[in-house]
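By written order: A, B, C and D. Residues from 1 in each chain.
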Amino acid sequence: MNAEASREAGIEKETGRIEAFSDGVLAIAITLLVLEIRLPEGEGALTERLLEIWPSYFAYLLSFITIGVMWLNHHQIFKVIKRLDNTFILLNTLLLLLITFVNFPTIVLADYLGEADEKVAGVFYAGTFVVTAIIYNLLWRYASHNGRLLDTKADPTYIRSITNSYRFGPIYYGIAVVLALFNVPLSLIWQLGLVVFYGLTGNRKF
Amino acid sequence: MNAEASREAGIEKETGRIEAFSDGVLAIAITLLVLEIRLPEGEGALTERLLEIWPSYFAYLLSFITIGVMWLNHHQIFKVIKRLDNTFILLNTLLLLLITFVNFPTIVLADYLGEADEKVAGVFYAGTFVVTAIIYNLLWRYASHNGRLLDTKADPTYIRSITNSYRFGPIYYGIAVVLALFNVPLSLIWQLGLVVFYGLTGNRKF
Amino acid sequence: MNAEASREAGIEKETGRIEAFSDGVLAIAITLLVLEIRLPEGEGALTERLLEIWPSYFAYLLSFITIGVMWLNHHQIFKVIKRLDNTFILLNTLLLLLITFVNFPTIVLADYLGEADEKVAGVFYAGTFVVTAIIYNLLWRYASHNGRLLDTKADPTYIRSITNSYRFGPIYYGIAVVLALFNVPLSLIWQLGLVVFYGLTGNRKF
Amino acid sequence: MNAEASREAGIEKETGRIEAFSDGVLAIAITLLVLEIRLPEGEGALTERLLEIWPSYFAYLLSFITIGVMWLNHHQIFKVIKRLDNTFILLNTLLLLLITFVNFPTIVLADYLGEADEKVAGVFYAGTFVVTAIIYNLLWRYASHNGRLLDTKADPTYIRSITNSYRFGPIYYGIAVVLALFNVPLSLIWQLGLVVFYGLTGNRKF
C-alpha cells in the first residue's frame, strides 16, 4: 500500500466510524419509540383498553417508518462522503439530536390524537420534520458544495438526484404542517404516503 | 481487484450495513424487555413482592428467547442475500417494527397473567407472533422467488430448508392463539417449547 | 484464498457476528442501569434529596463495573472460540438474559438498602450473580470440553487459566449471598472488591 | 503476513473492540437523554404545556452536544492507542460510567431550572463534568506517559495538542461550577459556548 492509498484508507475508516456512531444512535432512537405504547391508567376490559390506544399504534408506525427512511437518507449521504470537517460533524450531531427528539412529538401525538388539542400536537409533530428536513439540506449542501467533502469519483447524476430529492423535503413537510391546521388525520396520511412513496421509489444505488 | 469483484464488494458492504442496523435494533429490542420487570405499587414484605411478579419473569424469559431465535432467523436470511431493493428494505423495516413491538404485548401479558382478562392478553401476545411469522415468510419469499436477491452460489438445499421451516411459523403460532382461547399457560408452554426446540435443532449452517 | 481458508473465514465471520450481537446487548444493559437513578417522590431541599438516594449511586456503580467485567469475561471466551453450535448459542442467550436481568435486582437493591428488608434485596442481588457465574461456567465448560469449539491453535495455558478463574465465580458470589444474610454492606464491599481485583489482575492476553 | 504484523493486527483488533463497545455505550447514553423530555402532570392547553418545559429542551440540547463532543474526544484518544492494559480498561470503564451518569443531572437540571433550588441543580450538573474532565485527563496521562500505550509512530505534535487541550477541561468546568453558584443561566451559556467552540475548532486530524 503506498502513502496515498494508506491516507485514503485512514479517512475511509474515519467516515466509517462517524457513520457507525450515527447508525447506532438511529437504531436506538427507532427502537425507543415502542416505550411510548402503554396501557392507559384506569380499569376496564382489556380488549377495550387495547383498542382505545389506537393513536399510539399509529404514531409508532408512522414514526418508525419515517426514522427508517431517514436512516436510508443518512446512509445515502455517507456513501459519497470521503472527507470530514468540524462543521460537517456539528451539523451531523444536530441531525441526530433532531431524529432522536422525534420520540417526544410522537408521544404528544399519541396522547392528543382525537382530543381537543390535536391540532397543536399535529403541528408540533409535522413541524419537527420540517426542521429535520432543513438540517438534512444544510448537511448535504455543505458537504456537496463544490464537491467539498465528496468522493471525487462519485457519480454526478447520483449527486444531483440527492440534491433534487432533498430540496422538496421541507416543502412536503411544510404542507403537512398546513394540513394539520385544518385536519390532523389528513396530515398524517399525507406523511405516511410520503415515507412509503419515498421508501419504494428512492434512488438507492444498490 | 477487477471491476466485477469491486462491484460485488460494494454490494456486500451494502447488505452488511442493513444487517448491522437490523442487528442493532434487535439487540436493543431484546434488552429493553427488562424494563418491564418492576416491583408492583404498594407495600408488603419484599420476598412476597418479588414472588408475586412471577408472570413478569416468565414473560421476560419467553420474549427474550423468542427474539433471540428471531435474530438467528434474520441472520439466516441475510447469509444468502446478495442484492437489495426497495421492497426488500421496506419489508425488513416492517419486520423490525414488529419485533420491537413485542415489548408491548410482553408487558400486557405480564400484567394480566392470572387475572380475569388473561385470555385477551394471551391472544394478543401470540397473535403478534402470527403477524411476525407472516412478515418473515413474505420477506423470505420475496427475496428467494426465482432467486431474486440471493447469492447465485447459495446451496439450494439450504434455501429449501429455510422455506420449509418458515412455512410452519404462522401455523405454529396460530395454534398458540387457539390454545390461548382455552388455556393461556398451555399456550405459553407451547410457545416456549417451539423456541427451545427450534433453537436446538435449527439448521444454522455454521 | 483456498477452500479451507475460505471456510475458516466464513466461520470467523459467524462467531464475530454472535459476539457483536452480544456486545450490543451488554452495551445496552450497562447503559440502561442509569435509568434506575431517579429523584424520590415528594418535596424537600434538592441537596437533601440528592444525598438521600446514595444507595442508587452505589448500586449503579457496583452493577456498572460488574457488567463491565462480565463483558471482559465474555470477550475472553470468544477470543478462543472458532466454531459454533446450537447448544452454545442457547447458553450464550441465557447468559445475555441474565446479564440484562441485573437491571432489576439493581433497582431492588437501590430501593431497599437501609430499609427493613435490605437482607432480602441483598440476597436477591448477589444470588443473581451466583446464577450468572454458573451459566458462565456451563458455557465455558461446554465450549472447551475436549476442545469442542476452541481454536486448535489456542494456548493451553490461557485455556486452563480461564477454567481456573471461572471455577471460583459461583463460590465467591455464594460467599456474597451468605454475607448478605448477616450484613448487606459487607456483602456489597466484598463484591466491589471482587470486580476491582479481577479487573486489575485478570489475565487479558492483550 | 509475518509474525510481527500478525501480532500487531491482533492488538489493533483488541483496541478496536474496546472502542466499539465504548462507542455503543456513548450512542445509547446520548439517545436515552430524550426520555427526560416529558409533558408535566396536570391539565392545561397543550401549547402552554409544550412551552412550559423549555428547560427540558435546553438541558437535552446541551447534554446531547456535550456527549457528542465527548465521543469525539474519546475517539481522538483511541486513534493513537496501540496497546491496552487492565488499568487503562478500568479507567475507560469509569469514564463510560460517568458519561452515562450525565443522564441523571440532566433530568435534575430540567426539573429545577427556574425553581428555587436551581443553583444546587446547576452545581450538580457542572460538577459532573468536572469529574468527567478529570477522568479524561487521568486516562490520557496514563496512556501517554512515556508513550506507555501509544503507537510509536504517532505524531508528537498531535499528542501534545491533546495533552494541552485536555488540561483545561477541569478548569473550564470548574468555572462553570462557580458561575452556577451566582447565576445558573450564565453557567449554562458558558458550557454551551465551550462545546460549540471546541466542536468547531478541535484538532481532529481527519
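In this text, a contact is a pair of C-beta atoms (placed from the backbone, for glycine too) under 8 Å apart; a residue touches a chain by one contact, two chains touch by 3 or more.
Since the structure is predicted, the reported quantities are computational estimates derived from the model, not experimental observations.
Peer 1: Using the touch definition from the top, how many steps at minimum link chain A to chain C?
Peer 2: The distance in steps between these two chains is 2.
Peer 1: Please identify which chain has its centre, taken as the mean of its CA atoms, farthest from the centre of chain B.
Peer 2: Using the mean of the C-alpha atoms as each chain's centre, the farthest one from chain B is D.
Peer 1: Are the interface residues of chain B and chain C largely the same numbers on each copy, more than half shared, or largely different?
Peer 2: Both copies, chain B as well as chain C, present different residues to each other, with under half of the numbers appearing on both sides.
Peer 1: I'd like the Å distance between the centres of chain C and chain D, where a centre is the mean of that chain's Cα atoms.
Peer 2: Averaging C-alpha atoms per chain gives centres 25 Å apart.
Peer 1: Just how far, in Å, is the C-alpha centre of chain D from the one of chain B?
Peer 2: For chain B versus chain D, the centre distance works out to 35 Å.
Peer 1: Note the residues in chain C that touch 2 or more other chains, in rising order.
Peer 2: Residues 24, 28, 32, 35.
Peer 1: Is the chain-to-chain touch network here best called a line, a ring, a star, complete, or other?
Peer 2: Ring.
Peer 1: Which residues of chain C touch chain B in the complex?
Peer 2: 11, 14, 17, 20-21, 24-25, 28-29, 32, 35, 83-87, 89-90, 93, 96-97, 100-101, 103-104, 107-108, 111-112, 117, 120-121, 124
Peer 1: Can you check the complex and tell me which residues of chain C touch chain D?
Peer 2: For chain C paired with chain D, touching residues are 23-24, 26-28, 30-35, 37-39, 45-47, 50, 60-61, 64-65, 68, 71-72, 75, 196, 199-202, 204, 206.
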